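Two complexes are shown next, each including chain A; its partner changes from chain B in the first to chain C in the second.
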Partner chain A sequence: MFWLKRNLPRLVIAPSFGVLIWFVYGFILWTIYISFTKSKLLPKYEFWGIDQYFRLWSMPRWHVAVENLFIFTVLFIILCVFIGIILAILLDQKIRAEGFLRTIYLYPMALSFIVTGTAWKWILNPSLGLEKFAIDIGFETFTFDWLVTPGMSIYTIVIAGVWQSSGFIMAIFLAGLRSVDDEIIKAAKIDGAGLIAVYLKIILPMMRPVFMSAIVILLHLAIKSYDLVIALTAGGPGISSDMPAVFMTQMAFHRSEIGLASASAIMMFLTVSAIVVPYLYSELKREDQRN
Partner chain B sequence: MKKLLIALIAFALTPNISFAAPKAEVLHWWTSGGEAKALQVLKDDFAAKSGEWLDMPVSGGGGDAAMQTLKARIVANDAPAAAQIKGPTIQAYDREGVVAPYNIDAVAKKEGWDKLLSKQVASHMKCDDGKAYCAAPVNIHRIDWFWANKKVLDSNGIKMPKSWSEFNAAADKLQAKGIIPLAHGSQPWQDATVFEAVALGIGGNDFYKKAFVDADVSTLSGSTMVKVFDQMRKLKGYTDAGSPGRDWNVATGMVMEGKAAFQLMGDWAKGEFAAAGLKPDVDYYCASTPSDNGYLYNVDSFIFFKVKGNDKVEGQKLLASLMMGKNFQKVFNMYKGSIPARLDVSMADFDKCAKKSNSDLNTAAKKGGLLPSFAHGMTLELGVKGAIQDVVTEHFNSNMSSQDAVKKLSAAVKAAS
Partner chain C sequence: MQNYQELEKSSNTKKIIYRWILFIILGIFALYYITPLYVMIVTSFKTMEEIRQGNLFAFPNSINLESWNVAWNGQGFSAGDVYLKTYFWNSVKLVVPAVIISTIMGAINGYALTKWRFKGDSWVFLLFLFGTFIPYQAILLPMSRTLGTIGISNSIYGLILVHVVYGLCFTTLFCRNYYISISDEIVKAARIDGAGFFKIFFKIILPISAPILVVTVIWQFTQVWNDFLFGATFTFGKEAPIQVALNNMVLTSSSVKRYNVDMAAAIIAGFPTLIVYVLAGKYFIRGLTAGSVKG
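Then we have the complex of A and B:
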């Protein structure tokens, strides 16, 4: 009985832990192995070597996808954090109807990326949306055709993604701002610091952990972004807005290239780890030192 | 207690052979209006023979979602009785060892499918080096169709084009009048659909066969292919700015409204016209795209996987027999816009376009122009097909030169095969 009492928490956690080990880490290992095989239509288990990786990196379409991933990730994170902070600071000024405004900004988060993508697809379509509207009300030379212009279409995905996620980032920062002790701000003001200086020099540096959560959340959203691309551009025009996640699904289920798809999945996995692991490590280490 | 439990489990696990009603789980993605109606015919036939039909519709992504489900099921050793698979993918699944024993071959032998199907169609349905039937065809779609708005064409004095230069002249004339000459949705598969029709028309039947059946690299990188890409560039100029990403049925709608004059699309487009109550030669024209008696076909079919249990094998046999049945082949294809795969179905009740499709098919078969569509997965491995499609859509949606496109094409095919 005593044993049970002591180990109950562990026992309760064990099943979900086991499931997690198997379905996340087990399948990561499985995918790594499959990427070293010749699997095409269905998984095969004879070892083949690293040829799938050579094939992957010789495909121009993969290079397009990787380049787009970098453009999207960098712009998406920077813009979301920037807009999120600005909105949070503005809402933090003890304004009227704050709850109402907060809900409005947060609302896009309640939509799935599919809905966001479809809505923006119509807004940005030159013969249906914004461009047609501007022309109809008299701006006859107005053009906004990024959605159908190869090379620019990736930026429409950034626009839609930022629209969807910056409200959420605002909420995170707002919570962070609220947790800052008022006394510190008052003290700074007594010392003669202006509002901007208070925010830039005191409050924002104090919100390091908030930045970390925001960036980690945005980063994984960016790298696995699939539904938004499919709904908005489906990788087009042509293959100009292709992304690794889209590439991977296409190869695995459309082209019968499961080995190649696994190789691309592993490349994505390595990219995420290469950025997130050192970042988490340095941030968590800092926390340790502080305690 | 323990013994009873074992007995119960044993009883539950024993297939009750004497009472086995035919049972079939069918994976498909025919969920939209006309297609769902068409499939209902089969379901009713199946139920009438006291079969138990387990419907497994997986819609979305033109079959992508279905493929995902199917593969998961096969890997889990729980393949459905039948799945909507076509072209060389049928034989690819056989090579993975998930099809044999060919349960439906006995049905095919008994009913004489070899006589009921044309050689070309039959060859797509056979596994084990063409020795045994492992799939049943339900229809023949033609890809190389032009659909046109009659009013727009008539009022501008334009006839359905007999050559690509005639088409270009007509398109220039229409464009000058502010009509969009070609309604097109620039999605990769639609670009490939147009591309294969253009290749068939400009290169000819032998060229098409060498390029897209044999994947011959020197043909893919030759001067004729440059001309094909040149024509694609011209066609791009005949589309409107909203074209990228547009769905094919929206493009068909543009032809119906008279906003655009032509659309190049397979005969499923006819379903859209029919649904709007429009009639061939009264409201719209249908004609094959210019070519030398060419005919690009897409045969939808169901593959029959290896299944365990007598009831499931019986279900497969019944299903195969019904799919090839005259009733289903006729009714299904009248809904779907295609023509029956079975040769002895009367075409009397079909519309004018379907009749033309049927007679053109016979002519094409005699003149060597009956060719499998690559854009719709009837020829080439899926990887090679995808590689060609990537280059085609990239060229169509950028200002890549035809020479560069040809170079990329041969490089991509080499890398994929």
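Then we have the complex of A and C:
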């Protein structure tokens, strides 16, 4: 009885912990191992070395996917952070309709990427969407066919992604701004500093941790992006808007290349880890210092 | 203070101009966010004839409900008909148990990790925390094999398991972060009075957990309802959840384009989460930020 009582907290956590170890970490280890084998349709457990990784990095399609991921990530982060900060600062000026505006800025976050992609696919449709509207109102030579143009379709994913996620960045920056003491702004103003200077020189530098969180979240979202690509361009035209997550599912479930698919999944996992581990380390250290 | 007030007075006109610029910029952004929803709604009420002739932003001539009917019920022929009805209910059957189970487990985990500290508990927490970041591609293949082995592949039960397992990291994290801000003194006092683990949980912790439970439930609901990757990977045909069905619908209709039906379907698929957001936006935002400012 005494033993049970003393170990009850551990026993209560044990099922969840077991699930975590098996389904998260065990599965990752399995995928790592499979990436070192010759597995095609079914897993083969004979060790083959790092050849799948050589194969992966010699595939033009993988290079397209990585390049697209790079373009998407950079633009997605820059635009989301830029729009998020501007909206947060403007909303922080004691606006009357703040609640209403905030609701409008943030609602896309409640929609799935499939819904987002479906909506934007229609808006960006070259024959009936924005392009037709522009032609109808008199811009007869207007063309906007990024959705079906190789090399440009990746930017439509950026447009839809920024629409979906930038409101969220606004929300976390707004929360950060609200925690800044009003007295600091007043004091700086008395010293003759303009509002823009106050924000650029004093307040934004104070928000470094918020920047860090926002960038880590966006990076993480970008690397995982799959649904939006599927719904908006399905990786096309051709493979021109392919991304690693799409590549992985293609290889795993349509091409019977599970060894190669595992190698690409592990590349994604390593990229996320390289970003998240140092971030978590610094966050937890900060928390330790606070306690 | 005197100095500051004078400064404010002198810049009054400047202030009014600032305000106007401010509102114009905010208004432009509001248009950017609201336009797609507006386009979806007006398109869903148009006939295809109207869509081909009119433009994207034009108001519908009349309220045509046929596309909504087709999106929900299908066209009535048996082979190759696509509609949302069945899949909407699939998602309801999936979301209810998945959210309840993962929330309860998360609450108990969070409580045990903060109020009954044991050796190594911070490592346990760290493993949960890192689990919220893993790209699911790294677990898809073994998961689909495991579901096959247990015999619940291509079923709602399989998806419930998947969503509970990977939601657990988030629910545990949310609850842990909430409970750690609650004073240990109450729990200590109750322990001295002889109350046990579960008694303290149900009598003391649970009654003050409403805010975090609402946040957790909303987060999990949104995640499960909006999931596409797991649904598309582990189910097909009649067992698929709503987002998979929506995507199939849009793809199938691409031979004969039916944008009005697509838009009606997209609104139906987005409706539940949108309602939750409008009704409980405050908690929704708190969940997003709780998930972001981790640790």
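By our rule, the second predicted complex is superposed on the first by the 259 of 291 C-alpha atoms of A that agree within 3 Å, B and C clash if a C-alpha of one lies under 4 Å from a C-alpha of the other, contacts with A are read in each partner's own complex, and residues count from 1 in each chain.
One rule holds in what follows: a residue touches a chain if its C-beta (ideal position, glycine included) is under 8 Å from a C-beta of that chain, and two chains touch if they have at least 3 such contacts.
Keep in mind the model is a prediction, meaning the values are calculated, not measured.
In the three-chain model built by superposing on chain A, chain B clashes with chain C. When the two structures are aligned on the shared chain, A:Arg61 is found in touch with chain B, with no touch to chain C. In the superposition on chain A, A:Ile202 contacts neither chain B nor chain C. When chain B and chain C are set side by side, the one touching more residues of chain A is C. Of the two partner chains placed around the shared chain by superposition, chain B and chain C are both touched by A:Phe253. Judged by the touch definition given at the top, the superposed model places A:Leu91 against chain C, while chain B stays out of reach. Looking at the shared chain after the overlay, A:Val12 reaches chain C, while chain B stays out of its contact range. In the superposition on chain A, contact of A:Trp120 is made with chain C only, not with chain B. When the two structures are aligned on the shared chain, A:Leu106 is found in touch with chain C, with no touch to chain B. Of the two partner chains placed by the overlay, only chain C lies in contact with A:Val276; chain B stays clear of it. Of the two partner chains, both chain B and chain C are touched by A:Leu128.
After the shared chain A is superposed, the part of chain C among 7-15, 43-51, 61-69 or 79-87 that runs into chain B is 79-87, by C-alpha clashes.
Common to the chain B and chain C contact sets on chain A are residues 43, 121, 125, 128, 234, 249, 252-253. Every residue of chain C that touches chain A in the complex is listed here, in rising order: 3-4, 7, 22-23, 25-26, 29-30, 32-37, 39-40, 43, 51-52, 55-57, 105, 108-109, 112-113, 116, 118, 124, 126-131, 133-143, 145-146, 165-166, 168-169, 172, 196-197, 222, 225-229, 232-233, 243, 246-247, 250-251, 259, 262-263, 265-266, 269-270, 273-274, 276-278, 281, 284-285, 288-289, 292-295. Listing the residues of chain A that touch chain B in their complex gives 40-43, 55, 58-61, 121, 125-128, 145, 147-148, 150, 153, 233-240, 249-257. Every residue of chain B that touches chain A in the complex is listed here, in rising order: 64, 67-68, 71, 74-75, 89, 92-93, 95-96, 98, 186-188, 191, 240-245, 381-383, 385-386, 390, 393-398, 408, 412, 415. Interface of chain A with chain C (complex): residues 5, 8-10, 12-13, 15-17, 19-21, 23-28, 30-31, 34, 43, 83, 86-87, 90-91, 93, 95, 101, 103-115, 118-123, 125, 128-130, 132-133, 136-137, 163, 167-168, 171-172, 175, 186, 189-190, 213-214, 217, 220, 223-224, 226-227, 230-231, 234, 244-245, 248-249, 252-253, 258, 261-262, 264-266, 268-269, 272, 276-277, 280, 283-284, 286-287.
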